[in-house]
Amino acid sequence: MNAPARPEVAPWKLAMTLAVAGALAGLLLVFVDQVTRPKIEAHRRATLKDAVKEVLAIDPDAGDGSRIVSVRVDDAGLELEPEAQYEVDASTIDRVFLGYDASGAVRGFAIVHQQMGFQDVIRLIFGYDPRTETVLAMRVLESRETPGLGDKIEKDAAWVAMFDDVKAPIVAVKSGERSAPDEVDTITGATISAKGVIDIVNAALARQELAKRLAQWLQEAGQ
Amino acid sequence: MAELLWILLSAMVVNNFTLYYFLGLCPFMGVSGRVGTAIRMGAANIFVLVITSTCAWFLNTFVLEHAPYLRVISFIVVIASLVQIVEMAVKKLSPVLFRQLGIFLPLITTNCAILGLAIFQTNRGYGFLEGLAFAIGAGLGLTLALILMASIREDAETADVPGIAKGTAMVLIVAGSLSLAFMGFAGLLSSA
Amino acid sequence: MNDATPAPAAPAAPVFLRGIWRENPVLIHMLGLCPALAVTNTVANSLAMGIATFFVLCGSSFLVSLLKRFIPHEIRISTYILIIATFVTVADMSLAAFTPGLHKALGAYIALIVVNCMILGRQEAFASKQSVGRSMLDAVGTGFGFIIALVMMGAVREVLGSGTFLGFSVFGDNFEPWVVMVLPPGGFLTLGFWLLGLSWWTERKKQRAAAEGGAS
Amino acid sequence: MSRPPLVVTASPHLAGPDSTPRIMWNVVGSLVPVVAIATYYFGPSALLVVTAATLGAVIPEHFFGKRGSLGDGSAAITGILLGLTLPAGIPLWMAFLGGAFSIAFGKIVFGGLGQNPFNPALLGRAFLQAAFPVALTTWPAREGASWWSLAGDNFALPLMRAAPDAATGATPLGLLKFEGTKTDVGELYLGSIPGSTGETAAIVILLCGAYLAWRRYLNWRVPVGIFATVAVFSGLLYVTDVSDADPLFMLGSGGLVIGAVYMATDMVTSPVTHKGAWIFAIGIGFLVVVIRVWGGLAEGVQYAILLMNALVPFINRATQPKVFGTRREGTAA
Amino acid sequence: MRNALRFRHGVHPPDSKTLTESLRTKRMPFPDEVVLPLSQHAGNPAKLLVQVGDHIERGDMIAAADGFISAPIHASASGVVEEIGLWPHPNGGYQDAVRIRVDPYSAQVPRARLLPEWEGLSPKELVDVVRDAGVVGLGGAAFPTYVKLMPREDTDIEVLVVNGCECEPYLTTDHRTMADFPERVHLGIRIMMKCLGVPRALIGIEKNKPDAIEAIRKTCPDDLDVEVLPLTVKYPQGAEKMLIKALLDREVPSGGLPLDVGVVVQNVASIATIAEAFETGLPLIERIVTVTGEGVAKPANLIVPVGTKLIDLINACGGLTKKAREVVLGGPMMGTAVSNLDAPVLKGTTGVVVLTARQIRAQRQYPCIRCGHCLDACPVFLNPQKLGNLAMAGRHQEMQDEHHLRDCMLCGCCSYVCPSNIPLSQLFGASRAALKRTAAPA
C-alpha cells in the first residue's frame, strides 16, 4: 500500500469518495434511527409516566378507574389536552399532569421541575394537591450529586418519604428537628443538596404563581 | 450574567474539564512536560474550543434539529474541517502565531475535549452565549490543569522518583491529587 | 468471528494476543484514557463501554480493511472518522433503545468513542494495510484488551467505592464505601495504582530473570 | 609523634547549626502541646486518632521509603498533622488508611522527603474526606460526656461503617453556613467547640508556631500572609454584607490556624522565595474565603492549601531572585 | 544615600577568632627546608632560574614571571637547592617545586640592596618594583598585585577600597597586620593611591576588630584622605562585590569587575606587603599565617617564610591535638583541606585551621527539603536550591544559561546553611569544571 510512487488522485474523485461515504453513512444512520427512535421515545415517555404514577400514587394501567391527563401550561392559561402527552420541558414547566383516583376524585398534579443543585442540575417530579396546598410525594429524576452524600436526596428512602403529605411551601430545618407539617429536614453533610431539592419544589409552585393557577383552574373546572 | 459566570467557573474549576470529566487527557499526559508548551497548548485549546462552541451552536440550531442522528458525524467532520481551514489561514496570515500555536491545532482536533464540549453543550441545551462561556471556561480549565501539571512535572524531573513510578504512573497520581484538590471548589456559587 | 482465516504467511496468534496484554491499549499505550477513567466507576459500566468500543472497533476495522482499496490515501483519516462516527452513532442509538439505564450511565462518553485514539490508531496502523481476517483478529484482540483494562479499573473502583462487584455485595452490609473511588480522583488514582503495580511486577520479573541468568 | 587520621572534605568545612532531622523533630516536638490540648478537649479518642494516623504514616515509610528515612521525622509529622485534622470520633482504621495514603501516594511515589508536590497530610485528609464524607464531617459533641468516654466509634472494624453516634455537633463554620447561626468568638479561640482534634485552641497552636518561626523552622511570612489576607478579604465582605462572618470569626474558626501555621508552612510544598511565600499565602487566604463564602463546603483550608501547593512550582519559577548586579542595570557603571 | 554598612543575605558562622586575635605576631624560627612551588599565584607558573646544587641567599629570585599574569618567586631562606621536582601542593596534587635545604648556620640576612625611594618614583616605576617583588594578593586568591595597579587607561577610578574585613572565621592575619603594623598599611595605601591616581581610600573593617579599627584610625596621617568604616560582621563581607556594596552601595554588574563601578579593591595584607617591599627592599618571601583551630595545641599568628612545610608550621605551634580531624588551608568557609602535611605554605596561605571531628561537615546528606535557607544566604541572589537540583541531574548547561551559574563566587554560604548537608558550592564548582571541559574542545 505504501509504495513510494503513489498515483495522484484527482480532487473531484476524493470529494466523490467522501460524498459517497458520507451518503452511505447517512443512509445507514437514517435506517438505524428509524428502528431505534420509537423505542427511545417510548422509553422516555414510559419513564415519565411511571414517575407521575409514583408521585400521585395511582395506577391507571391497573384498570381500577384511576386516570392521568396532561395539562398544557403557558402564559395564557392552563389547557386540558385531549390525550395525555408525556413530554415536558422541566425548566419552564410547560406541562403538568392531573391524576384522578379510582373513585374519580382529583388526586393532584404531578409537576416536573429542575434547577441547580450542589454539583449540577437536579431534576425532580412531585405530586401536589392545590386544594390542601400539600405536596403528595417527591422523586428525583436526575442528579449528579456527590455519591455517598448528596445522592441521599435520591437514595435515602427515609428522607424522600418526608415529602409525603408535607405542606407547601416547605421549610427546611436542621436534621432531626422536624416539628411542623410544613417542614422537611436537611441532610447532615449534604445540606446544600437537600435544600436544593426543597427549593426546587417551592420554586416550581411559585413559578408564575403556578400553585395559585392550578388551584384556580381546578375550581373553575368545578372539582 | 451570573449564569454565564457560573457556567464559566463551573467548566474551569468546579467540574474542570480535565480533572473532572477526563476530557483532553491526551495533551494533559503528552504535552505537559514543559510550562511554555503547556501555555501555548492551552491557548490553542481555548481558541479551538470557542470555534467548536460556535459551530456546535450553529449545527444544533439549524441542522441537527431535524436530524439528531447526524450529531456525532457532523460535529466531528465540521469541526475538524473548520480547524483545518483556520490552521491554514493562520499559517498564511501570521507565521509567528502559527509557530506558537499552529502545530498544536491538528493535535487538538482529535482531542476528546473538543467533541466533548460540543456534546455537553448540546445535552445541556446551552444557547450561543452560554456555549461561549462554557467553551472559554473549559479552555481556561484545560490550560490551568496543563500548566499545573507541567510545572509540577518540570520540578519532578530533578526529583528522585522511584523507578516504578516514573512516567505515566506519577502523572496519574499527580492528576488524582489535583483532582482531589479541585474538589474544594465543589458547589462553588451554587449555594449563593 | 473466529472463522476469519488468518493469512498463512504469519502466525495469527500473536496478532490476536498482542493487544490483549503485552500491548494493551490502555495499560501500556495509554490510549483511550478518557473512557477508561470516566465511566469505570462500576464493572457494569466498564463492561458496557468496553463492549460498545469493541463493537465500534471491530466494525470499523472490518469496513476499513474491506474497503482499503477504495479509500484514497489523501482522505483516509476523514474516511476512517466517518466510518467510526457512524458505528458510534449506531452503538449510541442501540444502547439508548435497548438498555436505557446503561445509556444514561455512560452519557456523553459513548459519543466520545469517536475520538478514542485507540480505534483510529488501529485503522491507520493495521486495518488499512492488512487483510480482513487479520484486521478482525487484531481488532478483537485489541478490543478484548480494552475491555480487560476497563474491567480491571471498574473492579477496583466498584469493590472499594461501593462494596459491590457487578452489583453483588462483597463485604456485607456494614461496609463503609470509599466514595472517592467512584469520583474522578478515584479514576486517576486507580489507574495510577494499576500502573504502579504492573511496573512493579514487570520489574520484579526482570530482576528474577536477571538473577537466574546470572546464577546459571 | 603519631598523627591523628585526617580527612579531606570540600569547603565550606563548617556546618550550619540546622539539620533536616533536627528541624523535623523540632516540629514534632512543637506538636506535642497541640496533641495534648486536643486530648484535653476531646478525650482519649483524640490521642487514639493521632496515634493511628501516625502509625499509618510511619509503617509504609519504614517498609517502602528510602532506607533510614524514618529517622528524619518527616513521616511522623505527616501522621500527627493528619491526625490533628480528623474528627475525634472517626474509626481508627480510617485514620490509619489516611496516614498510609499520605505517605504512599503523597510522598514515596514522588521519591520521598523533599520531592512531593503536595502536602502529604492534607492530601491524605482530602482523600479521606472524599472517601468517607460522612465520617469526616461527623463531629462528636462533648457536652455532658465524661472525659474518659470515646468521642465516637473509634473501634469500628476495619472497612466497616461506624455505628451512628447519637451526640453530634456542628462546627462553627457549618453552623454559620447551613444554619445561619454564629458561634461566640471567645469560644473559638479558647475552646471546646466541635471540630477536628487540632482545630480547637488556636492560641496554643499560634504559640507553638511562634516558637518554630523564632527557630527559623517555619517561614513566618506564610501564616502572617494568610491571616492578613483572610482578615482583609473577609472584612471587606463583612462590611459589604456579602458574608455574615466577621474577620475574627473567619480567623478563629475551622482549620485555618493549624493549616496556616503547620500545613501551609511545610517547607517542601511552599515556595522557596520570600516573594513567592507572600503570593502563596495571599492565594491561600483568598481561596479560603472564596470557598467558605461562595463554595459548597463549610471549610476550605485544606483545599486552598492543596491548590496553592499545586501552584508552587509555577510560583517558584515566576519569583526567581534577581541576581546581584543585574538589578539596577543602567544606573550602575 | 548610604544604608547601614552591610550587604544583603550572607551568613553568620561563629567567628572563633578569640583563639588568636589578641596574640601579637611572632616570627617563626627557620625550618630545616623550604619548598617553593613554581605555581603560587593565579596565572602562569613562574619560569625556573636555578639548578640543583645552587647556593642561594634569602631574597634571591629563583623563578621569573612568565607572561602578563604571573609573578616571580624568591627564595625565602638561604641554603642549597636540593631538589627540583614534583612535590605535594596544597591544592591536592603534586606540582613542580624547588626544595631548598636551609643553611642551618646562615644568618639569613639578605644580600645588601638599594632601597627604592618611593616618593621619587613614577607610578610606572612603582608598579615595576611591586612586580619584581613578586607581590600577589594575600587574601587567598593570589592574584598578581601589579596587574591591579595598572588599570586600563579608559577606566575612571574614584576610590580605592582596602579590604580589612577578614570575614572568614578563625583567621586573624589581616587583623594582626592592621593592629601590629598600621603605619605600614598607610604607606601601602599611599603607594597604591599614587599608582592608581586615586584621591580617596576607604578601609572596610568588620566591627569585631575594634583594636584594628582603633590602630588604623589613630595612625592615619592627616594628609591622607582615608576613611575607616566599621562593617557588620557577616560572611562573606570580604568578597569584593559585597564589600563595595556595603561601603558604597554600588553593585558590580553581573559578570563585571569592581573597575566597572570605579573601584579598585585591595586586601590589607597585600597592601602592607607592598609597603614592605619599599621599606625593606625585600620581595614577598614571608607572610603572616594564622595557625589556629581546636585541633592545634598552641594557636598563634606567625611570620612564616613562604615554603615552610605545614608540618613544620604546625609543630612550631605545639603540634596537632588528638581531636584534630581536618587541616584546612585558608578559612574554613572557602579554604581547601589538605591531607599531606608536607605541602608548603604559599604566598596566598592566610591560615592553617585545624578542625575537630565535631565541627566538620561529614554528617549524612539528606534530600533537599526546599527550606529556602540557601536563597536567603546567597549573597549574589542565586537560587542554589534549583541550581543544586540541576547539578545533581547533570544539567550544567541549563545552570549556566538560565540560572547564572557564572555569578556564583563559591563562597559556600549555601552549603553552610543547608540543613540537609547538600554540598551545594562543591556541586557548582564541579558543574563549572564540567562546563569548562565541554567548552574546551570546541
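In this document, chain identifiers A, B, C, D and E correspond to the written order of the chains, with residue numbering beginning at 1 in each.
Convention: a contact is a pair of C-beta atoms (placed from the backbone, for glycine too) under 8 Å apart; a residue touches a chain by one contact, two chains touch by 3 or more.
Quick caveat: nothing in here was measured; it's all calculated off a predicted structure.
The chains that touch subunit A as well as subunit E are B, D.
Steps from subunit C to subunit E, minimised over paths through touching chains, total 2.
Among the chains present, the centre nearest to the common Cα mean is that of D. For subunit D, the chain whose average C-alpha position is most distant is E. Counting C-beta pairs in contact, the pair that comes out ahead of the other among B-D and A-B is B-D. Among the remaining chains, E is positioned farthest from subunit B, on the basis of C-alpha centroids. Averaged C-alpha coordinates give centres for subunit B and subunit C that are 23 Å from one another. Centroid to centroid, with C-alpha atoms defining each point, subunit B and subunit E lie 61 Å apart. Centre-to-centre separation between subunit A and subunit D, using Cα means, comes to 44 Å. Averaged C-alpha coordinates put the centre of subunit D at 49 Å from the centre of subunit E.
Across the assembly, subunit E contributes 367 as residues in contact with two or more other chains. Shared interface positions of subunit B, defined as residues touching 2 or more other chains, are 69-70, 73, 77, 159-160, 165, 169-170, 173, 176-177, 180, 183, 186-187, 190-191. Contacts with at least two other chains are made by residues 105, 109, 111-112, 114-115, 127, 130, 133, 177, 296, 316 of subunit D. Chain pairs that touch one another are A-B, A-C, A-D, B-C, B-D, B-E, C-D, D-E. Of all the residues in subunit D, the ones that touch subunit C in their complex are 91, 94, 105, 109, 127, 130-133, 135, 156-157, 159-162. In the complex of the two chains, the subunit A residues touching subunit C come out as 1-2, 6, 9, 13-14, 17-18, 21-22, 25, 28-29, 32-33, 35-37, 39-40, 43, 47, 146-149.
Remark: subunit A residues 118, 146, 148-149, 174, 186, 188-189, 191-192 touch subunit D in the complex. Partner subunit C is touched in their complex by these residues of subunit B: 19-23, 25-26, 29, 69-73, 76-77, 80, 110-112, 114-116, 119-120, 123, 163-165, 168-170, 172-173, 175-177, 179-180, 183.
Interface residues of subunit B, counted against subunit D in their complex, comprise 35, 147-148, 151-152, 154-156, 159-162, 165, 169-170, 173-174, 176-178, 180-192.
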